[in-house]
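Note that the chains are named A, B, C, D, E, F, G and H in the order they appear, and that numbering of residues resets to 1 at the start of each chain.
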Amino acid sequence: MPMDPKKLHTLLQNVAAGNISCENAQAVLTGHVHEELTLDPWRQARTTIGEVVFGQGKTLEQIRISLEELGRHHPVLATRICAAHGQALLDFFPHGCLWEEAGLFCLGADLLSADPKAPNSDVIIVTAGSSDLPVAREALGTARFLGLSAHLVTDVGVAGLHRLQPHLPSLRQAKVVIAVAGMEGALPSVLGGLVKAPIIAVPTSTGYGANFAGLTPLLAMLNSCAPGVGVVNIDNGFGAAALAKKILAGS
Amino acid sequence: MPMDPKKLHTLLQNVAAGNISCENAQAVLTGHVHEELTLDPWRQARTTIGEVVFGQGKTLEQIRISLEELGRHHPVLATRICAAHGQALLDFFPHGCLWEEAGLFCLGADLLSADPKAPNSDVIIVTAGSSDLPVAREALGTARFLGLSAHLVTDVGVAGLHRLQPHLPSLRQAKVVIAVAGMEGALPSVLGGLVKAPIIAVPTSTGYGANFAGLTPLLAMLNSCAPGVGVVNIDNGFGAAALAKKILAGS
Amino acid sequence: MPMDPKKLHTLLQNVAAGNISCENAQAVLTGHVHEELTLDPWRQARTTIGEVVFGQGKTLEQIRISLEELGRHHPVLATRICAAHGQALLDFFPHGCLWEEAGLFCLGADLLSADPKAPNSDVIIVTAGSSDLPVAREALGTARFLGLSAHLVTDVGVAGLHRLQPHLPSLRQAKVVIAVAGMEGALPSVLGGLVKAPIIAVPTSTGYGANFAGLTPLLAMLNSCAPGVGVVNIDNGFGAAALAKKILAGS
Amino acid sequence: MPMDPKKLHTLLQNVAAGNISCENAQAVLTGHVHEELTLDPWRQARTTIGEVVFGQGKTLEQIRISLEELGRHHPVLATRICAAHGQALLDFFPHGCLWEEAGLFCLGADLLSADPKAPNSDVIIVTAGSSDLPVAREALGTARFLGLSAHLVTDVGVAGLHRLQPHLPSLRQAKVVIAVAGMEGALPSVLGGLVKAPIIAVPTSTGYGANFAGLTPLLAMLNSCAPGVGVVNIDNGFGAAALAKKILAGS
Amino acid sequence: MPMDPKKLHTLLQNVAAGNISCENAQAVLTGHVHEELTLDPWRQARTTIGEVVFGQGKTLEQIRISLEELGRHHPVLATRICAAHGQALLDFFPHGCLWEEAGLFCLGADLLSADPKAPNSDVIIVTAGSSDLPVAREALGTARFLGLSAHLVTDVGVAGLHRLQPHLPSLRQAKVVIAVAGMEGALPSVLGGLVKAPIIAVPTSTGYGANFAGLTPLLAMLNSCAPGVGVVNIDNGFGAAALAKKILAGS
Amino acid sequence: MPMDPKKLHTLLQNVAAGNISCENAQAVLTGHVHEELTLDPWRQARTTIGEVVFGQGKTLEQIRISLEELGRHHPVLATRICAAHGQALLDFFPHGCLWEEAGLFCLGADLLSADPKAPNSDVIIVTAGSSDLPVAREALGTARFLGLSAHLVTDVGVAGLHRLQPHLPSLRQAKVVIAVAGMEGALPSVLGGLVKAPIIAVPTSTGYGANFAGLTPLLAMLNSCAPGVGVVNIDNGFGAAALAKKILAGS
Amino acid sequence: MPMDPKKLHTLLQNVAAGNISCENAQAVLTGHVHEELTLDPWRQARTTIGEVVFGQGKTLEQIRISLEELGRHHPVLATRICAAHGQALLDFFPHGCLWEEAGLFCLGADLLSADPKAPNSDVIIVTAGSSDLPVAREALGTARFLGLSAHLVTDVGVAGLHRLQPHLPSLRQAKVVIAVAGMEGALPSVLGGLVKAPIIAVPTSTGYGANFAGLTPLLAMLNSCAPGVGVVNIDNGFGAAALAKKILAGS
Amino acid sequence: MPMDPKKLHTLLQNVAAGNISCENAQAVLTGHVHEELTLDPWRQARTTIGEVVFGQGKTLEQIRISLEELGRHHPVLATRICAAHGQALLDFFPHGCLWEEAGLFCLGADLLSADPKAPNSDVIIVTAGSSDLPVAREALGTARFLGLSAHLVTDVGVAGLHRLQPHLPSLRQAKVVIAVAGMEGALPSVLGGLVKAPIIAVPTSTGYGANFAGLTPLLAMLNSCAPGVGVVNIDNGFGAAALAKKILAGS
């Protein structure tokens, strides 16, 4: 079966731009084996989480092609989408869903509808301060994309522990707690001593001076005196939600 | 009810040695409120994992007292127990269980009996090289203490990926995979792309030169390109098993 | 007035050993101006805290000479005294006071008598875990040497916050709180949100792996989300007590 | 009592924007319990220092809402306010007080009126060089907001110690000295050897090359050879003044 | 022989601008010894690789002069050329070759023509993700400039190892494999365990948070558990190709 | 004698802007003691090098005032002057001398006239690559300002050692050699093994990746295997020339 | 075929000691599939370099078993063997070859016989100072084990470059140059500018203070201004020789 | 002329021990060209400082051979000599001079005789505390070996600046001041603002916690706000004296 002309055009443009090696293009043109351009469409079946487009440092064109390819058969999510790229993607995919404050864009899913079960979600995302919100939203949107029941509890940093009190009943029934904190990163330790659920700790780059762009809360979380805390990369809300998905997939 | 004389003697010796503040002793002597000496006996009910004795940097006497107090009603585990302390604890608690190679000692549980379900355990602990074994054993013994079904897969580092092949069926049915690796710490990324279970990554201080005592695999694991990886502290086999326990407690 | 022969002998021995420069010796021998061998005997009048002998890395002889000189008119304290040096100093100064577990030795004061006002001391020293005790004892002994009313509250780390509850009344009336913690170093933040007193935070080298010998709690304490926290060097119990003295000297 | 419509509108806009979780909104709408949106209005009574708005990285809207809520009953301070936000806040709160060079904005207090008692203030803020001025001003403005008597001494870095001489009488009567320095950060050590008051050391990011954005003076201050120095985070003028407030509140 | 007037003018302009010291100018004007302005025209004969112009941080004028001098007798390459400089150089040298996406410009060679032998090149450049492409292109263009047979294999990161499978035959016949990866930098270890060729590992600054601008993959590659891996600086595609050239020059 | 009205106006404006404390202003107004506003006019007599204005991070107004005050009786130098500030200063001080490429501006001296003694200067400034030129020019201009005989030797990095050969005679008669290098910073070691003069090593932030903004050459220079090398801060051309001045002042 | 009793005994002992998991033992006992205990005997065919036993941190028993297994059909090398282990291995394998100063032990090869072709070897190992010798010897012994023609040139650090002169003819005909250096690590840069062969750079932990156990030469080598340098881990003489083997295997 | 038998024996022993390569031995045996075993006997003529034996990490035999070779015609110094090696060297070279506290041993010079000119020496070595003495003694002994007039001023750290006062007259006439300090390393800045001589700053590893083995004073000294400070490696007393020698050689 001959290749679709528009697709062929795109392919050749990518070869010209150096995005696709000659070898890959030749494979596509002869046997259609690599039609997906080294994308990994079976990852979801293998690992419960399909391939996601990491948008930071990519051109709009690269993001668009990846979304188009991956989104042909499944819903697909792109993260770290800046505002300008987000609007341009909406123009291209009018049925897509953009959550600008979370830096997320997706096809085939809804990132914005709140969880009807709240405050009894399986996943509760807790932030220490309001500067941690963008990372917490990336986690919340990703969790929704992955089909998890999730909601946010904000601004319960350890300098005012009484603010945590009213949330303890729902935190104690949660299956996974994602703790998002910058500065000294003490929130996961406090939560880890209070609840049964595993804690996924997300350090944020919130802070200044000796915070060193998130290194301080990262180290603090790795040294938590409360057992049962798993840490992901600085500002990695997506990774926290993906880990929650893998934890809940087995339950 | 008056205090048991032997207990009183121990208490006063601890005051003399500065282990217990006067205030605490007074509270114990008057109202018996703090009989447990600031130990935290209800932690298990609250968090699924009871208080554990971290033996590193403690005197034999401190470890012994803590085990005695915490072990009165529940099984209790001590980690980072050196060989000399381990033997001395066995003399004191003849029914205790010592696993010297894992640095573990416990009362009321069995650390050494292999899991009858293996190779279909819920938790599989995978090591990159044989130098990672002590950490992997700390994780295995802790998992057993916490009542988890667990077994080891050893020496499947990424320089010889074919060695991973025969273990894939059991890894794919596991509920949690603990990946223990030093050097470049690439094992969790490879496993994360192959299996459905959440990966708990444990960097070890195995290596030399620019390994910086485990910093290199720690950073590598935090930057894993495979989603669904939660990282614990360097050499923290105990923490990995505790996180597995919390994950499985909810399933 | 000619120099005392024993003193002259000591002086010459020190010149021979390179402890005292020729220039200094000459000054002493001609005008007796520098009899104190560059010690700083007026520091107490100037700064409220007299010169203290830092024993780490010094020979027994160096420590002994400094104690002898400084202790002629005032009480004098030596810190970081190892057990062997401590016993040898007791032989030399039979009226001295040694607190081995705190690494302290002093002349002219009592390091060991508990504060009769406890639990209503001006200074309360709080530790997160029992591994923090040596540093807390250095702070306690120094505080006593400096004439402060002080006592210890131990083992109230943030993984079991309910343990802090019974101590809140005394913590809320304290004038200075010294918080000693290793691992993630979250204790000062929690205390800073609960009490009126200034918090002096002392990171300890307790921990392992990514704790980096106290760097993690040091950074965490500097990034505390609770205002009113001043940080001293890692394991610097002496410095914390000295700062408490300066704070209370003005009140 | 039904909710004020404008307030309700703001609440719903915040829910839509993800600033407030559904759970929190529900609590506000039903019982008015959390009208303050997780703000912490009782913090001042508990810790002597009320909640302060940290403006860095926040939107104008977030800052405005927080000021409005917190400022209803008490004076309230916002720090790290950029020039553009400062002017916009003045438009919104015409009675507010803006100190642009200090990055401060407040309601209900005066940041700019000099202390009539100077040069005999309780708090003296000393800078090493003129590049340290913005941090020193943040400390000065915060001190004034907190009701402290404070003034500045500038440009007395250790390369020209004689410049410190004329200020020694007032420094010797001060109750707290705040030393602000970048580069090698030696000023607190020199001051600590000259005066009775506790020294609060503030490292600044002034310098270049191996200064590493304030890391060098931070480390130097933590290693001060003069006892009685407490260190706060890099560029944290606010934190220094808050610690001074807690120190003086007890005197 | 008198100096060419245009050349003399350029020389004097450079003296005025401080680009050339008086001493150098004098040497040129009297004996014509240093006509090349401290360039190193015999480097190629000595080391197989001629002098290359590193464009980062240089003015357009500095780059242009260097290209003109070095390109008089040999082909010459400039790296790290930004888009604006690239276009301006094309205006000046209309026969030059610009590869904007690779940041390369050269005279006397062709950077863009694909290798006719692919997929059986001597040098195969493998990338983990599409963000690594700019560095891989710098390596590919440099390899072409140096006369090597080379091609790209893209997007075969370790989270989807099966993508590597179809390329194994050509990788196994390659003489040098250049592995370009950011994030956890595991690709060289996996390749090193699969192929006979030496691996040149190029860490990239792709990633975020605890990636620390390429430090994480750099450390990981230095700690590779597979022997036979040589590492070059972060993002140093040029250096990788130069090392490949030296390796193949001797074969 | 009453104060000059214009001066008084400036003073009061500075008080209003918080540049001068009330205490300082009062001292100036009553006794004229501190007319220089904490500047240090006797520094030159004390240390051979007068006070210099470090322009980085300062406003144009701050720089202008300092130049005016310090330049009243002596020549005065300002460093790290950006192009815009430089032009504005020329407008204000038409007799000043601006060297834009070196970031220098001065009153009462000439930064640009080459040394007539070259190539037999007392101070020779050697650079490894052309990216090191701005730092070398800062050193050259400062040396000229301080009255030293100095000239530049450029582009003699260790990858082409033969380029050093023609300069050895003059380097061997120099009294001080300033070696400016980025990347691996090996130039001072090579020079230190070849010449008699003390080597002042200046690491530059030239490079990328694992250069870490000059940290790599800084560390390399501190570890030089050739004795007789003194290191100054990264990019600190001014400091190198000042050290040369102090060395030559005593000869 | 039933298992050899002695082998069975060893197997069971290893299970008891936790060296082999139950699963692995079961596999061995039933189908003899994993007789090699996860060793990787086909690695040599796949990558030209067989599996090597890294002795550091292993027990004598672990090293002995690995040597026995791997050495059954091929020569086998163990690195980082301490003196005590070396002697004990000689007792066990009387035909083995021990090079104590290099920390090497092997079966089936000769580490000690010098290369008859020297000084015209393919591989020349160059050291900066005599403290680099142990690492250079590890490289030399490994090269000999791998069948390469190799010899040493010692003590030609950059502080005395003339010492390099007499070796230039042989260095210029070498196919690979391994440069071993501590301190400032400048040797590879100088060599890279003088010879045609690829340079393998090995930083050593020789030095003190700001050398940071080899970090300084590691960074310097990664930033080499001479192209064609590949860096291996600190003190990794083995890795350098393995890379040389892979380079020469293709020639 | 045939080789001296004893010398030949030594040569062959060194070949056997791997200290000398076959190539070097062959060169010595045939043409006697390299009789000095790659030592650098002309270094003194070239650089004013002859080759010195760095004893740390070397065997007694290596040190002894180097001293014997280098000491044949000139005085020779060995540094970092431990007590045991020192005594053994004295047995071998009974006319040698050992200064145990300074870690120095030399042939042909006297390290111990004090300078008759003191306190008017050309070089004054100033220490902040008594823990800095070993490094200061290494500098003093080296200075004496190099023929400089030098003496020590001890214990004048910045916490007690008045102790510096009596030494100012001699410091102001010195030609070079070497400032040795650990902890916060502020001494060079203070001295640099007081005296005319160039300051050579030597950071020491004295301190604990966040001192990081001398990194803190190293960074502080590089960031000195006083111009005219050159820094050498941590604990490098030898290097400071060598730089002083080069400075004074030209005067």
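The working rule: contacts are C-beta pairs under 8 Å (C-beta built on N, C-alpha and C of every residue); 3 or more make two chains touch, one makes a residue touch a chain.
Only a predicted model underlies this, so the values are computations on that prediction, with no experimental measurement involved.
Student: Which chain has its C-alpha centroid farthest away from the centroid of subunit A?
Tutor: Centre of mass proxy via C-alpha means gives H as farthest from subunit A.
Student: Among the chain pairs E-G, A-E or B-E, which one reproduces the interface of C-D, with more than half of its contact pairs identical by residue number?
Tutor: The pair repeating the interface of C-D is E-G.
Student: Where centres are the averaged C-alpha coordinates, which chain has the largest centre distance to subunit G?
Tutor: D
Student: Averaged over CA atoms, how far is the centre of subunit B from the centre of subunit C? Could you give it in whole Å?
Tutor: The answer is 35 Å.
Student: Counting in whole Å, what is the centre-to-centre distance of subunit B and subunit F, each centre being its mean C-alpha position?
Tutor: 57
Student: Mind pulling the residue numbers of subunit D that touch at least two other chains?
Tutor: Only 43, 129, 159-160, 192-194, 209-211, 215, 218, 222-223, 226, 233-234 qualify.
Student: Taking the top-of-page definition of touch, could you list the pairs of chains it picks out?
Tutor: Pairs flagged as touching, ordered by label: A-B, A-C, A-D, A-E, B-C, B-E, B-G, C-D, C-H, D-F, D-H, E-F, E-G, F-G, F-H, G-H.
Student: Given the complex with subunit D, which residues does subunit A contribute to the contact?
Tutor: So the residues of subunit A in touch with subunit D come to 101-102, 114-115, 118-119, 129-131, 133, 137, 140, 151-156, 159-160, 163, 166-167, 170, 206, 208-211.
Student: Considering only the defined contacts, which subunit H positions touch subunit D in the complex?
Tutor: 128-129, 157-161, 183-186, 189-190, 192-194, 207, 209-212, 215-217, 219-226
Student: Hey, which residues of subunit H end up touching subunit G in the complex?
Tutor: 17-24, 27, 33-34, 37-40, 43, 51, 54, 56-58, 62, 203, 205, 213-215, 218, 233-236
Student: Where on subunit B does subunit A make contact in their complex?
Tutor: 43, 46-49, 52, 175-176, 192-200, 218, 222-223, 226-234, 238-239, 242-243, 245-247, 249-251
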